[in-house]
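The data blocks that follow each hold one structure.
Consider the two complexes below, in which subunit A is the common component and subunit B and subunit C are the respective partners.
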Partner chain A sequence: MRRPLLICAVLCLAACSIAGVAQDLRVPASVTAGEEATIPTTGSGKATFYLVGPGVSRKNDVSLGEEIHLQGQDLRNAGDYLALVCSDTCHTGTFYVIAAKPSSLTFLVHPSRVPVGQGDAISGVAFPFDQFKNLVLAPATVTFQLAVGDKPLFSRPVRAQNGVAWFRTASGKSAGLVQVIASLDDVTAKRAVQQVASEPCNLRITGQRIPIGVLVQTEPVHDCAGNVVPDGTIVTFSATEANGKSTVDAPIKQGIARAQMEASGTTVVSAASGVVMGNELRIGGKP
Partner chain B sequence: MNPVPGSAIAHLRRALRVVSVSAFISCLALSSYAADSVVQVQLDTKNATPRAVESLTERGILRDYRFAWTSIAQAVELNTADPLEGPFAGEAKRLLRETVVSQQRSGLSRQYVNQSHRLEAVFYAPEGDVIELHDTAEYEIRISDGGKIIHDEHVVMHFVVLMTPGADRWVIRQLQAVPKS
Partner chain C sequence: MKFTLPIILVVATAALMVLALFGAGQAHGTVGIAAGSAVYTPKASTPEQALKNLLVDVQRRNWDRAMTAVSKTSDTNKQMFIQDWTGTNGSLRSFSSLEGFESRPLHITNDEAQMRVRLHWTTPVGPLEDVRDFRLVREGDVWKTVLPKVQLPSVPSQVIPVTYLRWDLVSGGAADEWGSKNVDAPHVRIISMNAVDSAEGAVVMGEVVNEDTVPAFVNVNATLVDGAGSAIDDETSFDKIDHVLLPKQVSPYRIDFPNINLKNVKNVRMDVKATLVPASADPVIGVMNQKIESDVQGKSVLHGDLLNQSGQTVNISHVVVSFYDNNAKVVWVADGYEDHALLPQSSAPFAVEIPKSVASKVQNFHVVVNQYSLGRS
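Showing the complex of A and B:
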């Protein structure tokens, strides 16, 4: 009756020593990144200690019966660690290093340039990281703010889930630089979004005859919120006279688009930009 | 024309035998690596918010995540950082390179065998520039010291992964093992 048990025990011992899997080592339940830790050992004599983890692969001799000291330097990276103490057999233990407190925010904001008055046009995503660049997964509240100078436009606290917090909001009414701020405790990240005028609104043109044709120009072009449309926005002028029609594209410069067009007879000039049409202008023929 | 001495021919034959035996062993090693390096990956994107994951994006992530783990397995088994060029960026790349350098110093190596990954997309940024995945991975991990296996264990691990789109692929920027919540 005892012989099979004995055989089993011998086989188990043999299997353990071959595979290197043995009794548990008393390791810490979890360690905060960058902190020191100790692993007690029992017995006497020399053994080899291994620490295998993210970015770490350490091997050194230890004396059994003494504590193994793990330095903060070895435990900077969050993740799973395997500790092995091998003499005749190997004793193992696994533990996790968890991220320390947040010390920076990775903050992605889109877009960098946005027309005013657009719904859900600005979005931001924040990831908290500790000083060792580990993603902090512990619950935390990130506050997102939009401000123009010192004037706050928007503030929203968001609970970070799975190490990420995000927001989305409409762009404001006025063109200009908007500060987008994410803050978590004493950690802050700032980004800038340039709000620009939206599509032109109420395009109005004036014109006059000149020796070589007609000179037409817009009044200062604004969007519907009164912001000056940015330079480079194209205005298309069309001149129609009895013997034909001509078209020219002119970019806005300092709020005004200007064009010279060849025309000798009575000419009707119109302008358009984007989906907006301007007034029609009738200019008499050459005297 | 000088006659070839008999001892030289014998040398040549021996050398050829050594070369062919080495080539055969290398082939065996490579084929056994290929068999071990099959990485199974499943991806579930139905809970991704706030942006839905397009099927083309899903396929790209699946392909690149599988390739990334094949590269990790190669890097830490053969102790070379070369496979890490491409599938990784930022912190993940730095950490894996550190792992390889540390292993080269200590003479250890790791093997990830029979990998199976169940990925779940939990966050996909509104502009599609970052995705957070949770991976429940199962594999056998073997730690070797100078070629001798000192630890061999089947493990179930949980990883939090951040991937961002690169020019032609998705790259891993953060790969962090976490305790099961």
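Showing the complex of A and C:
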């Protein structure tokens, strides 16, 4: 970011050195982004003023002995600026524009979905920006909060360093939507993390013989923390009998997965969801 | 001198044209087996010629003339005959064409013959082979084909309530604030991987699971790396996988590296890519009566029936199977397309061949079914 400015400055100074003697211009030590500033000049007659900064390059005629007014719109981008006044000789000065007060927080939260009961599973990082989208590097305290509905779960103030504040925490015990909030003064950013049930726990099936085979179903499928496993989760039923095997990938509906399978003899039925196995069930053959 | 090169080019082109005309048709010919060609003989004096006439007309979709090669004793009619060969209900067969065939006699007497035909189909999912047995009889001095009754599936009118889940995907607009609408890609994990040499080259296979609570479109990539750390080849699972995995669903995958031997491979880099996609938990397809048997050619084949338990027609079903040894290690992954549509509440048989080299090791298997329905992505 600063390298092109430096090159510009070096080139200008080199030009000034050739033309005459470069003298310092009395510029403000620092300016806040978007605010106006003035640069006093001495002498008399006309001169040319140059302003070079991040995303800004301006040239206009000025009268020596009068103040040069820098408009707020010329100083919107934070960074190093070079001011140059040339008549017979050139006078230069550099100053730094700092970001204005934070007006927005860019807040990244990862992941958007997380199984319950996972350590250090949720992380968030906040970047304060001013109204001109300059990263605010000044130290500030960002407060991170996790809440379910109106109930706060976690609150941690973090000192932003070099324009960055971050946190990391474990996921909670209950499935559901968690609000993640970052706030800095009166600026707030909200994100949502969906806490989802973890792997099914104690997957148990029951079954019975029906005229066309066997009907098997799971008991309500929960994770080990008691959260209901989301509908649509696949449970694979396998029915093995002496002359073959039948399988059905059945989605959980209202907490229960159910499947009908063709089998006439004594049948052993098992169930699995992902890498989790359930119990085995033996169903006698057709009478 | 200046005419030498053009003359050589003309001669070479002519030679290649002649080769293409007379060579290509016999490229896959096998001694003792009649290969399919466009030659039609009006009077079929042999069973081979009669069958060839029928199949040539099927190739050309010349149904009227094909029916003249069918025996009057056949238990079929023209419409059923056409539907048998062209498919119905948007099935894979209806997008296929008969590219060629090879027939061999199984049994021939003076008046009756039994022929086995290997049919080569071109389809949108690649070349497929089908083996059919035909019975031919001599009627006067002409041989004709006896076609069995074609059982076209039909479903009675009914209302089938469907209450399965569907996942829709809402994407944020370009104007959204950075980070405000990030939705993570599904979490998918490779749970097993095995690399083996096969007759065609190296094969990397295993299983992948969607550990997330949302559906995922999954692709598995593998890179073979040599001793110097350089990539030898990079391939994907292509259609040897069930791409759309619902939450907690497990799919086999197989990645083929033709003409590569594993002895040159030091390492295999695996990479699984998952994308969040809209999906539906319907239709549910049960895989019934699965068993491994030997077919008429002595090959080990996994047979079974696909049962469409929903109220929607599945136009093309694709079976992907992982075969395990006695240590539950995946020793082979095979797939097969069903060329007939699967109507609601109806079943259709499927068969997947197991290579001879692994057939003796297979102790168990897991079948998943990919399904494609017209009008649904």
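One rule holds in what follows: the second predicted complex is superposed on the first by the 266 of 287 C-alpha atoms of A that agree within 3 Å, B and C clash if a C-alpha of one lies under 4 Å from a C-alpha of the other, contacts with A are read in each partner's own complex, and residues count from 1 in each chain.
Simple rule for what comes next: a contact is a pair of C-beta atoms (placed from the backbone, for glycine too) under 8 Å apart; a residue touches a chain by one contact, two chains touch by 3 or more.
In this text the structure is predicted, and so the values were computed from the model without any measurement.
When both complexes are overlaid on chain A, the residue A:275 reaches subunit C alone and has no touch with subunit B.
Contact with subunit B, but none with subunit C, is seen for A:79 once the two complexes are overlaid on the shared chain. In the superposed pair of complexes, A:108 makes contact with subunit B and with subunit C alike.
In the overlay built on the shared chain, the residue A:32 is in contact with neither subunit B nor subunit C. In the superposed pair of complexes, A:250 makes contact with subunit C only, with no contact to subunit B. Looking at the shared chain after the overlay, A:196 reaches subunit C, while subunit B stays out of its contact range.
By the document's definition of touching, of the two partners only subunit B reaches A:57; subunit C does not. Applying the stated contact rule after C-alpha superposition, one finds that A:174 touches neither subunit B nor subunit C. Of the residues of subunit A, those at positions 108, 110-111 touch subunit B in one of the two structures and subunit C in the other. Listing the residues of subunit B that touch subunit A in their complex gives 50, 91, 94-96, 98-99, 102-103, 105-108, 110, 122-123, 125-127, 129-130, 132, 134, 141, 143, 145, 149-153, 157, 160, 162, 174, 176-179.
In the complex of the two chains, the subunit C residues touching subunit A come out as 163-165, 167, 177-180, 182-184, 191, 209-215, 246-250, 281, 284, 286-291, 304-305, 307, 309, 366-369.
Subunit A meets subunit C in the complex at residues 106-113, 191, 196-197, 200, 230-236, 243-251, 253, 259-262, 273-276. Within the complex formed with subunit B, the residues of subunit A that make contact are 19-21, 30, 48, 50, 52, 54-59, 77-80, 82, 84, 86, 90, 92, 96, 98, 108, 110-111, 123, 125, 127, 133-135, 137, 161-164, 166, 168.
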